[in-house]
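Note that chain A is present in both complexes that follow, paired respectively with chain B and with chain C.
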Partner chain A sequence: MTTENNLLEVKDLKVEFKLRQGTVTAVNGVSFQLKKGKVLGVVGESGSGKSVTARTLLRIEAPGIITSGEINFFSPKHGELAIQKLNTTGELIRSIRWKEIAMIFQEPMTSFGPMHTFGNQISEVLILHEKVNKADALQMVIESLRSVGMPRPEKVINQYPHQISGGQRQRAMIAMALACNPEMLIADEPTTALDVSTEAQILEVLAERQKTLNTAILYISHNLGVVSNIADEVMVMYLGQIVEHAPVDELFRAPKHPYTVALLNSIPRIDKAYHGQKLEVLSGGIPDPYNHPPGCKFHPRCPKVIKGVCDKIQPLQHAVSETWSVACHLYSTSINSEK
Partner chain B sequence: MMEPTKKELLLEVVDLCMYFPVQGGFFDKTKGLVKAVDGVSFKLYKGVTFGLVGESGCGKTTTGRLIMKVMNPTSGSITFYDNELGPIELVPLSNRQMRPLRKKIQMVFQDPYSSLDPRMTIQQIVGEPLRASGRGDLNDYKNKIAEILQKSGLSPDYMDRYPHAFSGGQRQRIGIARALVTQPQLVVADEPVSSLDVSVQAQILNLLKELQQSFELTYLFIAHDLSVIRYMCDTLAVMYVGRIVEMGRSEDIFNHPAHPYTEGLLSIIPRTSTKTKPEKMLKGGIADASDLPSGCYFHPRCPYAQEICKTEYPALRDIGTEHQVACHFDLDLKGI
Partner chain C sequence: MKLFKYIIKRLLWGALVLLFVSFFSFLVIQLPPGDFLSSYIARLEKSGMAVDNQSMVALRHSYGLDQPFIVQYGKWFYRFVRGDMGVSFLYTKKVESVIVERLPATLLLSFTSLLVIYLVSIPVGIYSARRQYSIGDFLASLLGFMGMAIPGFLLALILMWIAYQGFGISIGGLQSPQFMDQPMSMAKAIDFMKHLPVPIIVITVAGTAALIRTMRATLLDELGKQYVTTARAKGLKESTLIHKYPVRAAMNPIISSGGWLLPELFSGETIAAIVLGLPTIGPLLYRALLGEDMYLAAGCIMILSILTIIGLLISDIVLAITDPRIRLG
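For the complex of A and B:
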């Protein structure tokens, strides 16, 4: 993989939550790169660490603590930045948040303050980062809202969040996230709370803005269909680790990691007639967060488990092609040759 | 697909309407009506899963609630064909008269977190319908509760625990056990998996199918996720602003949709097999039920709309075996 076009490089990131009951390692050695203008999808069950990974990039991981690893962001303004070293309330990270890395949250209901109009909330970003006056900022807000297909933006800037629907609120969120033309956008399940038709509209807006502005997107979702439509590459997470990372078309055509295979098979498909056939089910649930299984974390649920190997040795990332890596012993050359 | 050899009617809904008044102004005068459910008719046959699908606000949940008699409809009839008592008209029944029937029609709710009382043990929660529908105390039913918990994939050892000790999927299993403990004939499942994680969803869907076979259940399955509907349902109805716009066998509807709304819904489902480039994307949002468009409610969003669509609401008409559509035209539409 070439590094020139990288906007973000994450190396061996670990994030822990120290709780009374014990320590939860929510992100456990995650490494990936995000290239300029590309969309990287992140999928996994709840508790797999996808949201914590995303929040750590903006340094809003608290009460989590980064215990090791690097996050290098190639900022056009500040040059190469080691984000993991920044003070979470410092000047520098605050100048990056929203201006260079923006985030769309899952809940359009709660991510806007209820006491301020959309005009006030979105213009605040512009006044802070673009140093414009209030009147100009409001004009820019109207433009920004129009660009995401918001009907009657002149009226919306004087409205409060409870006055418009969930889909429109998510449009406003996208407008706010893209108001300063950030280099990178983190979208954390942006359409999960929405209706199917609204979801399709929001995805189209996002895809179109991404193309025109050449924004890189880290797109988190548990909906594999959505990810396969918007992303260029996808990484699958399980218990804080990346188990598979591949170009999106190849991954969905021929998934390699047993977890990815199981995940894909457990979802009812719209383009398949089942005729009384049952869905394949991933046995068991996500293990106890305080006590992860030894070896490969997926081995207690894995149908292809190799006794004496998977329950003892943690698999490394094996490259099955230049762009495709899998963390599974089945693809490790040394173990396969032993058999 | 389970195709029953002889079809036995279990529930018949005829011209069901539920209008909610919109109040406001001086002394909360009624300003208008929201037609949440407006002339819905369908039949449920024994052992079949019938799906209701549509965007939020289309009236699918209200229809389910009316069948549960949580509220009384504005007009219309709901006839339940009981295997002991014969046909019973549910709408005129009082709460007291409804009581002996409650155990025969049960419900599984959407949110497994708010639908279980946090101060009751699992035994009390699952036993409650038994206690409410029969005489005697809880201990007589202990065996029954243990049996249904086992069938729902939960260990009876958990009986004395409280809901907070369980995960979302386990809670939904408790909710299912509660619905099935009285051995109902009809189960209304309102979005039973939409708040669950993807892998847990599959477990619950499979459980519902297994239980359907072992207890010969009939499901009214309400969902907005068409993939889930396709997996679960034998027949289905697509609703739009309180009315059924298309109804038929699941496979017919998915392969040969006849209503532009159904086509639109099918085209926008993101799937992993192909990149969807929906040319006929559903534009705008669902029509406002308190301020409906003239003619066909769908015409402002319909890519095939003609003059007649702006003035006349099309009646539901037969277009094939058990396939009905409310559209003026015979369109050649794209399925899955």
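For the complex of A and C:
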């Protein structure tokens, strides 16, 4: 993969949570790049480390600890920055937060403070990062709210979170995230808590604003179908590792990793149901976080497991093509040739 | 306008509550056998004076003590609403003048105590929550639990002893005897300020300790919420965001505690007030109940109830103003 136009490069990132019950490695050697203006989808079950990865990029991973790896961000203002080395409460990371990397959170119910108006909470980022006065900031908030299709934005700036619906709150969140026109946006399951029609509207707004502003997005979801609507590339995560990373169309046409295949098969499809086929369900659950299986972490649930290999050796990333990599022994040339 | 209507409604409810309080307190005060006169006569007889039956009946009649309970209550209540609380048997003075003598000290001590409780417990609670399990947090918790566990009168005795041994000042009441009937002067004010800390410490310690725990627990709850992470992701300074968002939300239980804190301060520290010889309403009520001085006791209870109702109303109004989620119904 080429490195030009990269906005973000993550190399072999490891994030651990040291808890009383033991250490959980939530992110275990993740590497990826995000190009300017592109949308990278991150897909995986709950507990696969997607959200922790995202939070680490803004250094709000606490109580998690980065134990190794690099996060290089190419800031238009500060040049190349090693994010992993920054002080989490320092001035530099705070100037990156929201101004250059903004984030949309999953819970629209709780992601705004309950005691302040939308006008107050959204104008706050403009006053902080754009150094505008309060009156100008409020005007900009109204514009920003209007651009995400919020009805009657002049009224909404004086309203409190409990006064509007979840979908409208998520619109307000998008407006707030894009208010400072960041280089990069992290969308952490922004539509998970919404009903399907609201989800479609929110996705449309996000895709439209992304095109207009040319913002790069790291779009996190547990729903491959949603990701396919908005992303250019997709990476599939399982237990803190990336198991497959490919352009979205190619991944959908011919998924390589058995986990990706299983995820795709578990999407309900109207044509299958029409022919009386049952929905395929991924067998088993996510293993104990304190005790990951040896070898390939997916092998206990994998239908194509190779005995003596998958349960012993951890698969490396194999390049299927220039833009496609998969971490699975089925595609490893060395093991295939041994057979 | 909505707020105004709400206040009117609450005041009307308050009046109704007062009516019930007056009835039941009058009833309870009369429950013990005998009345002020019978214990008065018993005392007279003990000292060798003979009281004949006839004059006793006459006395009882002149005080209206021979009338049925409901008539006594009705007469008293009728006079109460017109500002006449009756005569105290113990002080042989009008009840309102006995209470008014003690009202300034009571109000001063209570409101100063309330202020001290808030000024100490809020910052300490915030500190404890932000640095959970730090040495400072453990220290605050330890002192807090001790403050809650030590009885007020014991603390009062210890502090009086320390003040006398260490500083040679006799801390009883709110002023030294030589200033008792003097007009206000600089020396009297300084003397008064010297007497203030010990009662304030004794009165506030338990309330402060309890509020520190409340503040710490609610703030810890709020600190884990998503909107705090959002504020952090926005690039706000840690101290700025904590004071703007979670602390503001954690203030709710603190504000609503003001309502019950105030009456607790008025009446709850009676024992400490007796030990320290404080001229407040608490000890007055205690004496009135012991001496079966029914009008004085009823007057004290009514004043404390009125202050409680006002305190609750104020805390509810403040809450309605500070929390946008609260709707006035």
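By definition in this document, the second predicted complex is superposed on the first by the 334 of 339 C-alpha atoms of A that agree within 3 Å, B and C clash if a C-alpha of one lies under 4 Å from a C-alpha of the other, contacts with A are read in each partner's own complex, and residues count from 1 in each chain.
By definition in this document, a residue touches a chain if its C-beta (ideal position, glycine included) is under 8 Å from a C-beta of that chain, and two chains touch if they have at least 3 such contacts.
Worth saying up front: this structure is predicted, and the values here are computed from it rather than measured.
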Chain B and chain C placed together on chain A: clash or fit? fit
_Quick check on the superposed pair: does A:Leu279 touch chain B, chain C, both, or neither? Answer first, second, both or neither._
first
- Query: In the superposed arrangement, which partner chain does A:Glu80 touch: chain B (first), chain C (second), both, or neither?
  - Reply: neither
Query raised in the report: Who does A:Gly113 touch here: chain B (first), chain C (second), both, or neither?
Result: second
Regarding the shared-chain residue A:Ser266, is it in contact with chain B (first), chain C (second), both, or neither?
-> first
Winner on chain A touched-residue count between chain B and chain C: chain B
| request: Have a look at where A:Glu322 lands relative to chain B and chain C in the superposition and call it first, second, both or neither. | output: neither
Between chain B (first) and chain C (second), which does A:His162 come into contact with in this model arrangement: first, second, both, or neither?
second
Closest CA approach of chain B to chain C after superposing, in angstrom, is 9
Residue overlap on chain A between the chain B interface and the chain C interface none
Residue set of chain B touching chain A in the complex reads 1-2, 55-56, 167, 169, 197-203, 205-206, 209, 224-228, 230-231, 251, 254, 264-266, 268-273, 275-276, 278, 281-283, 285-286, 336
The residues of chain A that touch chain B in their complex are 45-46, 165, 167, 195-201, 203-204, 222-226, 228-229, 252, 262-264, 266-276, 278-282, 285
Touching chain A in the complex, chain C uses residues 225-227, 229-238, 244-245, 248-249, 322-325
Residue set of chain A touching chain C in the complex reads 55, 58, 60, 89, 93-99, 102-103, 105, 107, 110-117, 124-125, 128-129, 160, 162
